[in-house]
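You will see two complexes here that share subunit A, one where it goes with subunit B and one where it goes with subunit C.
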Partner chain A sequence: MHISEGILSAPVLITGAALAAAGISVGLKKMDSDKIPEVAVLSSVFFVASLIHVPIGPSSVHLIINGINGLLLGWLCFPSILVALTLQAILFQFGGITVLGVNTLNMALPGVICYYLFGRLVNRETRLVSLAAAFSCGFFAVLFSGILVALSLLFTEESFISAVTLILLAHLPVMIIEGVITLFCVAFLKRVKPEVFGGIYGKGS
Partner chain B sequence: MEKVRRIQISLLILFTASLFVISISIPALAHKVTIFAWVEGDTIFTESKFSGGKRAINAQILVFDRQGKQLLEGKTNDKGEFSFKIPKVADLRIVLNAGMGHRAEWTIPESEIREASGLLGNKRAGESSQPLAVGLSREEIGDLIEESLEKKLGPIVRMLAESQSKGPSVTEIVGGIGYIFGLMGVALYFKNRGKQRHREDRDD
Partner chain C sequence: MIEERFAAGDSFVHGLDPRVKIIVAIIFSVVVAVSSNFSALLPALVVAVILILLAKLPMGKVFYRLLFVNGLILFLWFMLPFTFQGDTLFTIGPLVGTKEGVLYASQITVKSNTILLAMIALLATIPISTLGHAMRQLYVPDKVVHLFLFTYRYIHVIFQEYQRLINAMRIRGFIPKTNIHTYKSYAYLVGILLVRSYDRAERIHKAMLCRGFTGRYYTLSRFSVRTGDLVYLTVMLVAILGLVMLQWRVTI
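Take a look at the complex of A and B:
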């Protein structure tokens, strides 16, 4: 879902960069030194996940893993994803430096939204509710990303509806796979370390 | 508490490591398209691929001249290829638009087009074709050389096209992860230094 260089117009790039910068500053403010290693690990998960291709459907799609990033990091997923995307742009030429802001926003904002939508539900004692919320978290993070990508392309592609259906259809397998991955991660982490889901932002905030 | 945290971090590292192993073992395919174009005779061939080798099928191709005027438009076939007759002897900018925000460019300089097609034509027009001793005219020999060169160079051109769309290598992947952990170290250093200074201030 990385948007390449030279597609978006300057106003879209600037708006995206400004919004991403706002998200990153919120994330950095909330970052506790205890949380830094976790941010780094999830950043590298995101960095590597883009290399895993899902060979279903007509287009080239890959894992994104922004659901888990959002669920475990909240606003901290903005800096986490920014670092990963920067390195992907430099080392793999995915996306690009000028579109970094837009791409960060498109991937990280859905993570934050899903954190607020499903974070509490994942914490529930009832196993079924918690796992269903975990699946939805992974699923909807990709779905929202798709919608944001289509919105960014609004001024370049002819029609929003066709862009959105194309992107969402291509990413349907990814959504399901990410839902399942998130589900297993949550089930596993709940068993070995349930505290990971509570108190993301440290004691200070 | 400290122990639990350590377990948590090592689990996350394990998860990353397993993803990493998967990503290396599956041919890496991901979000980047490349287009490669070359001239053969009077035709320009293009080949479009996603990073890692999946062909960009049914993708839009636009050809512009240096002034940005669109010369022609087409769609790649099911092998990701698209070829067209040279529309104009000038610098050609070939833009691939594979949808969903994927775009790539390739420029063919005017000289390359001239060399491949124009020069030959000029010579033919300029010099009278003297039959050589073997009974072959100048242009026939020229054509023969041209033909056999194209045949010989074909695989090399194709190899170049292949190398254009290679996915990320292991070094780059490992390097990227290294960068992230290096950044983590820097961030921790500054956070801890701030804390220490805070503590010292309190002690004074």
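Take a look at the complex of A and C:
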């Protein structure tokens, strides 16, 4: 989902950076200093998850889990994803400084949206509702990210349209996988450590 | 796997003040990212290559990194020449490649690689812990810096944990395939990583409180701007100014 350096136009880069900065400052305001170790540990899980490759047919995709991240962190997923992406840029040169804003926005905003859309439903007692919400959370987080990536590219240059279509199509299986992974992961967490939902992280105030 | 491949070294670039390198890296990347003129982009690429040579990095590893990141660029090369409107340059069967499309794809390639090289030369040569402290001195909010340093610290711990778990799964005969069982196993893997992380975070926080953590992070490293740093900064700023003038055709 990373957009590399050198592709996007200045207006897109600036808009992305400005919106990301707004999201980050909301996240920072909601993040007490003594929550930093906890958010950091989640950011590292997010970072490590992106190194986990799951097979799909003859190929493989890496996990994104921005849905789970948003579900657990709410607005705090903005600073969390910011630092994870910064580390990826410095350690692996995926993404970079000028696209950091756009990439953070593209990954974190869907997380926050899914937190508001599905956060409550995931906490429902009814198992079916909760699991369906978890699947949607993973599915839509990737879908929204894909759409934001598509918009970033299209606002830069309309001729990207066929490339964008291909990227979105390629992400369709990823959405399903992320949905399934999020579903099982949420089911697992609800059984093993239910207090992680809607607790200290999500509310964030 | 997670290592700071380019951070160690004793070249001139490694010895520079990290704050100077961060500032130069940001200004340089931004200028290159918004440039579109080849008469500015090609000199910028030359500057980036010089920066890499000055840092005396293992060329094989740098090349490998470039190769990796150029995947998306290659993908654009298959699309852009055919979707861009413009003068016909070549035809493959029914596909018409335009001159404008090829130029645009080349422009992206040069920009991307230039920024990448500069980032490797300037940012990847700073150890992460130093980078954190340098960011703080450059007025990055304290909370972000703390989060950054903590996250970096835990990446290693959690990656080790992940490797331990995946080894345990393999020993029990887990072979990843395209099926629900595989996805379920990976989901539980992520789940258990999260659960253990929560517990760990709680222990860490308590341990820090015991040691009197009040939300401030102290550092022993002091940065000092030396003559070499000033010279470097000046040369780079002049070079970047030159690029800006080339891009927007400003003449003195």
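Here is the rule we use: the second predicted complex is superposed on the first by the 174 of 205 C-alpha atoms of A that agree within 3 Å, B and C clash if a C-alpha of one lies under 4 Å from a C-alpha of the other, contacts with A are read in each partner's own complex, and residues count from 1 in each chain.
The rule is short, and it goes like this: a residue touches a chain if its C-beta (ideal position, glycine included) is under 8 Å from a C-beta of that chain, and two chains touch if they have at least 3 such contacts.
Keep in mind it's a predicted model, so treat the numbers as computed, not measured.
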| item | value |
| --- | --- |
| Touching partner for A:Phe184 - first (subunit B), second (subunit C), both, neither | second |
| Touched partner set for A:Ile7, first subunit B, second subunit C, both or neither | both |
| Partner chain in contact with A:Ser152 - subunit B first, subunit C second, else both or neither | first |
| Superposition-derived comparison: subunit B or subunit C, residues of subunit A touched | C |
| Which superposed partner A:Ile36 touches (first subunit B, second subunit C, both, neither) | both |
| Which of subunit B and subunit C A:Leu166 touches, first, second, both or neither | both |
| Partner chain in contact with A:Thr104 - subunit B first, subunit C second, else both or neither | neither |
| Touched partner set for A:Val192, first subunit B, second subunit C, both or neither | both |
| Touching partner for A:Leu82 - first (subunit B), second (subunit C), both, neither | second |
| Subunit B versus subunit C as contact partner of A:Ile56, first or second or both or neither | second |
| Residues of subunit A at both interfaces, subunit B in one complex, subunit C in the other | 4-7, 31, 33-34, 36-45, 47-49, 51-52, 55, 83-84, 87, 91-94, 163, 166, 185, 188-189, 192-193, 196 |
| Residues on subunit A engaged by subunit C in the complex (per definition of touch) | 4-10, 13, 24, 28, 31, 33-34, 36-45, 47-49, 51-52, 54-57, 63, 65, 68, 72, 79-80, 82-84, 86-87, 89-94, 96-99, 157, 159-163, 166, 177, 180-185, 188-189, 192-193, 196 |
| Interfacial residue positions of subunit C with respect to subunit A in the complex | 1-5, 25-26, 29-30, 32-34, 65, 68-69, 72-73, 75-76, 79-80, 82-85, 101, 104, 108-116, 119-120, 123-124, 128, 131, 141, 143-144, 146-148, 150-155, 157-159, 162, 176-178, 180, 182-184, 186-195, 197-198, 200-202, 204-205, 208-209, 215 |
| For the subunit A and subunit B complex, residues of the former touching the latter | 1-7, 31, 33-34, 36-45, 47-53, 55, 58-62, 83-84, 87-88, 91-95, 149, 152-153, 163, 166-167, 170, 185, 188-189, 192-193, 195-196 |
| Contact footprint of subunit A on subunit B as seen in their complex | 4-5, 7-9, 11-13, 15-16, 19-20, 22-23, 26-33, 50-52, 54, 57, 98-105, 167-168, 172-173, 175-177, 179-181, 183-184, 187-188, 191-192, 195 |
